[in-house]
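There are structures below to look over.
Shared between the two complexes below is subunit A, which pairs with subunit B and subunit C, respectively.
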Partner chain A sequence: MYILQTIINGLLLGGYYALIGIGMTLILGIVKLTNLAHGEFVIIGAYMASVITTQFGIDPILSLVISVPLMFLIGFVLQYVLIGNAMKKGPEPALLVTFGLSIIIMDALRMGFTVNEKSIATPYSTKSITIGGISISVLNLVLLAISLISILLLTVFLSRSYVGRAIRATADDAQAAALSGVNIKKVYAVAMGVSMASAAVAGLCVGMKSTFNPTSGGAYLSTAFVVVVIGGMGSIPGTLIAGFIFGLAQVIGGASYGQLISYIMLLAVLVFKPRGILGK
Partner chain B sequence: MGNILEFRHIDAGYGRIQILNDLSFSVEEGQVFGVIGPNGSGKSTMFNALLGTIRPTSGAIYFDNIDITRTPPHVRCRMGLGRTFQIPKPFENMSVYENVLVAAVHGTGQSEKKAGHAAIDVLKLTGLYDKREMLSGELPLLDRKRLEVARAIGTSPKLLLLDEVAAGLTDAEVKDMMRLVKDLKNTGYSIIWIEHIIQTMLGSTDQLMCMAEGQCVITGDPEEVINSKIVQTLYLGVDDSE
Partner chain C sequence: MNDALLNIENLSVNYGDFIAVEDASLTVEGGQIISLIGLNGAGKTTLVSSVMGLTKQKSGKVYFDGSDISNLPTDKIVARGLSLIPQGGRCFNRMSVQDNLLMGSFPKSARKGAKETLSHIYELFPVLKDKMRDPAGSLSGGQRQMVAIGRALMARPKCLIFDEISLGLSPSVIKDIYNCIKMINETDKTAVILIEQDTQRALKMSDVFYVMLKGKTVLSGKSADVDADSLKEAYFGM
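Right after this comes the complex of A and B.
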């Protein structure tokens, strides 16, 4: 029974970890850029959810109505004005720009919100239900639902909408896409907007799940890294599966060995299946 | 009819390596304009400069009497330039239909519904209709070449640029391709066609240009060009006069 309980706890967290990685995998697959500021993007999302929730006294999940479009806009402008121009000079300057961004965001958050730990309280934070002797945390169930719905929406957007098709075409071959009339600069900006919007949702989940402060981003960047690499850089289904593997590792390893197990898995994937678990 | 395209003294290359040296030529509207030349003579580079993949260091390119030398690639595509790649570059993780649909939506700016109908027409014209649901990454070479043409036509270009679409095909397939080009010409496209196969060029083009070392060596009636001394020298390496 203990084993079953552990596995279920791990699987419940899988969506949450996949959601943290999904924005990073998008940028890697489409813009071919490693976004070192992704952890800070998630933390911005957490603060945004926290501020909106307390300002309006609404359920934390409703804060997404404001934070998702706002974060999309910030991401779009950031890519169009700043990162896109750095990319003209090559991939390294763009990488450094995202590193610089992460430091700037961290310090700005410190100035605005102090270094105190924060969290987003929900009515169901500590509740759990018991089915057949197995206890399931309601919060984890909510996180799983939010994650799966977001990832499903993202998949539908990419496969069905005409902007999504332009994004996939660009990911396959940017030059050929440009010559088919696709405005690459705009596609990259939309991709960054979508990535940032996913960070808004991930940030909300982070805030509901644990405490955060302006310097928490680094931990989520490394989580995202592991999930992205195991999932095969750029693949959404791969990222989802990697999220579940990562979740299991965290639960099985516990606080002391969870991180260690996941990094060992990361190394194993890099050595034996460098294209990720779903890679050919 | 006027000129649809004019290259005026173009210098262009990659980094410090200059490929095109003072290249000038013009293409009349409604024509099939062939381009031949030895390997490395700058044929594909000419296409890259024409489409904005590389930027000329000097000179000007006029398309439909508009200076496009500094226009970004996707805008040139919407103005009416469509190209195929010598080595096909399909969007591998998308279906054949979606490949053409992307071109038809973004290359023309029409609604997705209209573009969908246009894409179907293009697939029928190029003989890919039965394979429209296949992932383009799984297509064999001939179909990949067809898809290159389909995607280029999908953007409804005024000037279609074909980069060795017949290379590597069997004689029968080459004939198919020649027929397709003829159909396209009759539909009203102007075409620039780079190809090595001299017989194909003789049978299909109205004007022929031979390039060497980034310059236009000779241009004119296809038969005269191919029989000219300079082309014979370039291709066969013999010079009868010596």
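Right after this comes the complex of A and C.
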């Protein structure tokens, strides 16, 4: 029974970890850029959710109505104005720009919100239900639902819409996409916007799940990095599966060995299956 | 400026210090088939890729359909009705055949009526209809070229540039593809520029030919009255 309980806890967290990684996967797969500011993007999302929730006194999940479009806009402008121009000079300058962004965001958050730990309280934070002797945290269930719905929406957007198709085409062959009439610079900006919007959702989940402060981003960057590499750098189904594997590792390893196990997995994947678990 | 569909005037392109295209000029009238021939490295691909905005032009002008398109971004050029099928076709290998074709209708002008154009393309290449859900990467070389042609046709271009479409294909597939090009030219009055290694085939297909040598357009004329000796001289530069 203990084993079953552990597995279920791990799987419940899988969507949450996949959601943290999905925005980074998108940027790596489409823009071919390792976004070192992704962890800070998630923390911006967490602060945004926290501020909106307290300001309007609404359910934290409703804060997404404001934070998702706002974060999309920020991501779009960041890529179009800043990162896109750095990319013209090669991949390294763009990488350094994202590193610089992460530091700037961290310091800006410190100035705006102090270093105190924050969290987003929900009515169901401590509730749990018991089914057949297995206790399931309502919060984890909510996180799983939020994550799966977000990833599903993203998949539908990428597979059905004209813009989504252009994003996939650009990921496949940017020059051929331009020859099909796609404005590559704009597609990259949309991709960064979507990535940032996913960070808004991930940030909300982070805030509901644990405490955060302006310097928490680094931990989520490494979570995202592990999930992205195990998932095959750019694949959405791979990222989802990687999220579940990561979740299981965290629960099985617990606070003391969870991180260690996931980094060992990261190394193993890089050595034996560098294209990720779904890669050929 | 005359009323030609595509007018390339004294175009030059450099790669660093290397002059890839120098003072090249070329004119395409509506509905014409033009062949652009020359040795490997003569600058044919560079010429068309700079016309499409993929490579920066150093000097010269390009006019298409009455307006200046010199150094315009590629997507704007495609939206105006000039399309290039690059060497090797460059399909989106991870996307389905249908998604590849639908990508061709990305320009806003092409979205309306995309359904009709799509069924027209499936009539032109029935084999693509059978494989519409397969990833383009799983198709044969000839079928991938069909996808690339279909994708370009989805934008309903006024002028279509084929960069060595026959490269690596078997003779029977080449014949089929050339028949299709002829059909596209005749039914839709689409002007065509053919970049081709097979000089004989190119001359047979086209109304007008251009020869490039070391980045320059050295000879042009009606394909029907080509003179073998002057062609040889222009082609090899001796």
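Just so we're on the same page, the second predicted complex is superposed on the first by the 280 of 280 C-alpha atoms of A that agree within 3 Å, B and C clash if a C-alpha of one lies under 4 Å from a C-alpha of the other, contacts with A are read in each partner's own complex, and residues count from 1 in each chain.
The working rule: contacts are C-beta pairs under 8 Å (C-beta built on N, C-alpha and C of every residue); 3 or more make two chains touch, one makes a residue touch a chain.
Computed from a predicted model, the values in this text were never measured in an experiment.
Superposition of the two structures on subunit A leads subunit B and subunit C into a clash.
Looking at subunit A, you'll find residues 162, 165-166, 168-169, 172-173, 175-184 touch subunit B in one structure and subunit C in the other.
Of all residues in subunit C, only 52-54, 73-75, 78-79, 83-84, 86, 90-95, 99, 102-104, 106-107, 110-111, 151-152, 155 touch subunit A in the complex they form.
Residues 162, 165-166, 168-169, 172-173, 175-184 of subunit A touch subunit C in their complex. Here subunit B touches subunit A in the complex through residues 51, 53, 72-74, 77-78, 82-83, 85, 89-94, 98-99, 101-103, 105-109, 112, 151, 154-155, going by the rule given at the top.
Partner subunit B is touched in their complex by these residues of subunit A: 162, 165-166, 168-169, 171-173, 175-184.
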